[in-house]
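Each chain carries a letter (A, B, C and D) given by its place in the written order, and its residues are counted from 1.
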Amino acid sequence: MKKASEIKQASFEILYKSEHNGKARHVFDIFLVSLIILNVVAVICEPSIVESSLRKAFRIFEIISVVVFSIEYLLRIWVADLVYPEKNKMIARFIYFVTPMALIDIAAVLPFYIPFIIAVDLRVLRMLRIFRLMRIFKANRYTTALMVVIKVIKNKSEQLLSSLVIVFVLMTIASVTMFNIENAAQPDVFTSVFDAMWWSVATLTTVGYGDIFPITALGKALAAVIAILGIGIVAIPTGIIASGFNELLHNKLHTIKCPHCNRDIEVE
Amino acid sequence: MKKASEIKQASFEILYKSEHNGKARHVFDIFLVSLIILNVVAVICEPSIVESSLRKAFRIFEIISVVVFSIEYLLRIWVADLVYPEKNKMIARFIYFVTPMALIDIAAVLPFYIPFIIAVDLRVLRMLRIFRLMRIFKANRYTTALMVVIKVIKNKSEQLLSSLVIVFVLMTIASVTMFNIENAAQPDVFTSVFDAMWWSVATLTTVGYGDIFPITALGKALAAVIAILGIGIVAIPTGIIASGFNELLHNKLHTIKCPHCNRDIEVE
Amino acid sequence: MKKASEIKQASFEILYKSEHNGKARHVFDIFLVSLIILNVVAVICEPSIVESSLRKAFRIFEIISVVVFSIEYLLRIWVADLVYPEKNKMIARFIYFVTPMALIDIAAVLPFYIPFIIAVDLRVLRMLRIFRLMRIFKANRYTTALMVVIKVIKNKSEQLLSSLVIVFVLMTIASVTMFNIENAAQPDVFTSVFDAMWWSVATLTTVGYGDIFPITALGKALAAVIAILGIGIVAIPTGIIASGFNELLHNKLHTIKCPHCNRDIEVE
Amino acid sequence: MKKASEIKQASFEILYKSEHNGKARHVFDIFLVSLIILNVVAVICEPSIVESSLRKAFRIFEIISVVVFSIEYLLRIWVADLVYPEKNKMIARFIYFVTPMALIDIAAVLPFYIPFIIAVDLRVLRMLRIFRLMRIFKANRYTTALMVVIKVIKNKSEQLLSSLVIVFVLMTIASVTMFNIENAAQPDVFTSVFDAMWWSVATLTTVGYGDIFPITALGKALAAVIAILGIGIVAIPTGIIASGFNELLHNKLHTIKCPHCNRDIEVE
């Protein structure tokens, strides 16, 4: 069984070890990212294609993709015990199975297989393939610049999510108040609090589609307040991310040589 | 009377002491936040409900909520003298009565009681319950991340409010000028300076609903200037908040060497 | 003539010396800011007023205001030689006459007087009074917070104006290109490059009224690029202002006492 | 041949050496920037002009401009070997030929010449002249403020481009999902994924024209999520640029004490 364990080790290294810079990994990376991007292009173009020969070509490409991604998925499940070596084999596999990336992978291939088992049409769900695009953030051939950006967002994710609480409280109060103000004047537009919520999102985020807005004087006054508060809502995550980049800037301890005594000193 | 004062002390600790981490407080907190959120959901869904049995259920839930919140409010009034121990009993209660949170609380329950006393329909005012959602910012079970965000906003609230003065001056000048330019060309759209104000809010905040905009060349030129200034208007609070987060970052202690005696000192 | 020069000196101190904290100046400040704000309210409400008695009241208020502001203006011209003591009397007055604040002041009162001299209707120009609102930034009774915000904008005004050059270059290129793309498809909407400029302002500033947008595939692709660049356009002034606030933060040299040797040290 | 090489050296210095502050360069700079701006004005106004005599004047101005820019272009090609002195003459010229600025220059004059050689109407391409406006960023008579802004953008260009990857991934996933949700409800509006992409750009950048938006509950919920994420999308480049300005701020030298020998050292 030496051979099998060697293949397993090699698979593990190609699939997971970002330091493994051998040719096999390089080829594998380019191949997989290309396949993902081609799948995305296919999902985007598919609904616009009417010619039957082209549809067939797309279908064949999908089958090939699903086969490749299924093999990759099974390999990852297989080597999961090497990823979490301290765990029991089956527990390691289950832990891998519920990671977000693995769930995206299974969601991307399952809609293809299910119709073979039970008679159900999952055509729409096949677009779940698109989520596999998130894999790009995991690929290793990136410039460090994107890594820095992602690191800042991760570092500040807790504060960013917290600021969402403020958005939700503001949005809820604005929506209920606006509904009570505008419902009488525009019963067809502000039919429920949910319509008012749709308005408040469009206003707080400064998108402003223009499909729903107040027409009464009181409603306009409230909308003005909310729109101005919307600027603050934009300002909070921006301030958080800006401070995240600054933190990174300052945390760089760098070493210089003292020009007088020629010894190393660390300065911030 | 020992017992009454003990109950009072216990109520005070559960209601106010965030350090009090006993089980009673924990249960009370979860119960109250849940009740507030359920009330919010009720206020949001209520106008969309037509079925009479469901309406009745909502009414019963409201009665229960109002009873709970009334008891809580009376308790808070009762223990107010423990919150401000240096004040006279009645003055302490009055001080508590006019705090923003207490005013929100009374506004949330009063519209339920008034119709029993005088024959008036305050159905619309019952949506004031929604403002109780602000209590969430006072709850103690939060991650520190939200506290940091709120602290930054509070620290910078003076500067943020000041920047509103700039917004108002700009908005007023833009509105009056735009009204005088566009009134002749679109008398039905720009009927008064207030219409022009509605336009200027939508433009300066970059919401841009599209229900009102200039059509003359001069009006469009002014709108372009205002829209570009609008970017600056967004930039000011963002800069303020970003610097607030940086300030927090820098206030962490760091060690320098005293140039006189060469020993370490910690400075902010 | 001692008395005249004393009045002049007193006027100068009330009008210009912000350190002069006597009661006269205090009363004068409140009176003037109130009068300015009332004038703004009048300009805003005037077009909506139809009742003739109210119109008459507004007219009387305008006459009083113009008289007050004219006297203030003449006083300022009179004492101008004390403002620029190193200059010749008439030159000092001319220098004052062409300051932006003095030009705003004269623009605010002139449209009232001209119709008495030559038979011309300057009713529209009377709204120039609104610009006097800018005087608020010069009043002395402010919180320091607004002063800080204004100082940051002033410090960074050169960089902010420079970033406008980038906006204009981008806007011009976008407009000409978009006009050439969309003119054939929407000849009534994109009739000239100026229409395309109106579109590009609305897009780059992310206002997006929705009165003009591309409908061809190529036009939409360009609009997408411009909208994404628009984010950068918003980011530049924000970054400038944020760094302005940080600069202020860091420039605060503050003195601490060394806890070991008890001497003063200045640290940033 | 001494004379020719002297002319060449002089041309090189006027065209390239920003330190060369002689009168010739000064005049040349003002002349060229003026000509570029006049060309831009011409391109903007041209489609709105109907009078034949004015059209003729514009045509003559265009001929003069093209001649001037052609001479400048040829001169730059001629002196290219002085710009890259370490290269072979022809290679130096080719290197210059493919620089972005040279490609813009050739794109600006070629559409004028081609119709003389082959019978083709390139009237539309003549608007390519507008791109020459970018030359303004290369001119030397600027305030340093614009240089600072451009330097910050250049320093951070890698991070800014990286953040575009995040925008594209988000946009693609949002578009495909939205198309699958809304296509059934609005088959005429969301006809293809490309329509959904147009929607997602308008939403993520918070432009919100209002020509396309979801009408189903699920679609609106997704749009709300995307609009809120759009705030983050705006926040990322802003944070990057803000930190770029701060970096510049901090790179100013400051003096520390070497902990080993206690003498002063200047560090960045």
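Definition applied: a residue touches a chain if its C-beta (ideal position, glycine included) is under 8 Å from a C-beta of that chain, and two chains touch if they have at least 3 such contacts.
Here the structure is a predicted model, which is why all the values come from computation and not from measurement.
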Common contacts of subunit B and subunit C?
-> A, D
Expressed in ° and rounded to a multiple of 5, what is the rotation angle of the C-alpha superposition of subunit A on subunit D?
-> 90
Centre distance in Å when subunit A and subunit B are each reduced to the mean of their C-alpha atoms | 31
If you average the Cα atoms of subunit B and of subunit D to get two centres, how far apart are those centres in Å?
-> 43
Contacts with 2+ other chains: residues of subunit D = 194, 197, 202, 206-210, 234, 238-240, 242-243, 246, 259
Chain touch graph shape: choose line, ring, star, complete or other and state it.
-> complete
Residue numbers on subunit C that touch subunit A, as the complex places them | 206-210, 238-239, 242, 246
Partner subunit B, residues of subunit A touching it in the complex | 158-159, 161-163, 165-166, 169, 172-173, 175-177, 179-180, 183, 191-194, 197, 202-203, 206-210, 213, 217, 220, 223-224, 227-228, 230-232, 234-236, 238-240, 242-243, 246-247, 250, 268
Residue set of subunit A touching subunit D in the complex reads 40, 43-45, 47-48, 124, 127, 130-131, 133-134, 136-137, 143, 145-146, 148-150, 152-153, 160, 164, 167, 194, 197-198, 201-202, 205-211, 233-234, 237-238, 240-246, 248-249, 256, 258-261, 263, 265, 267
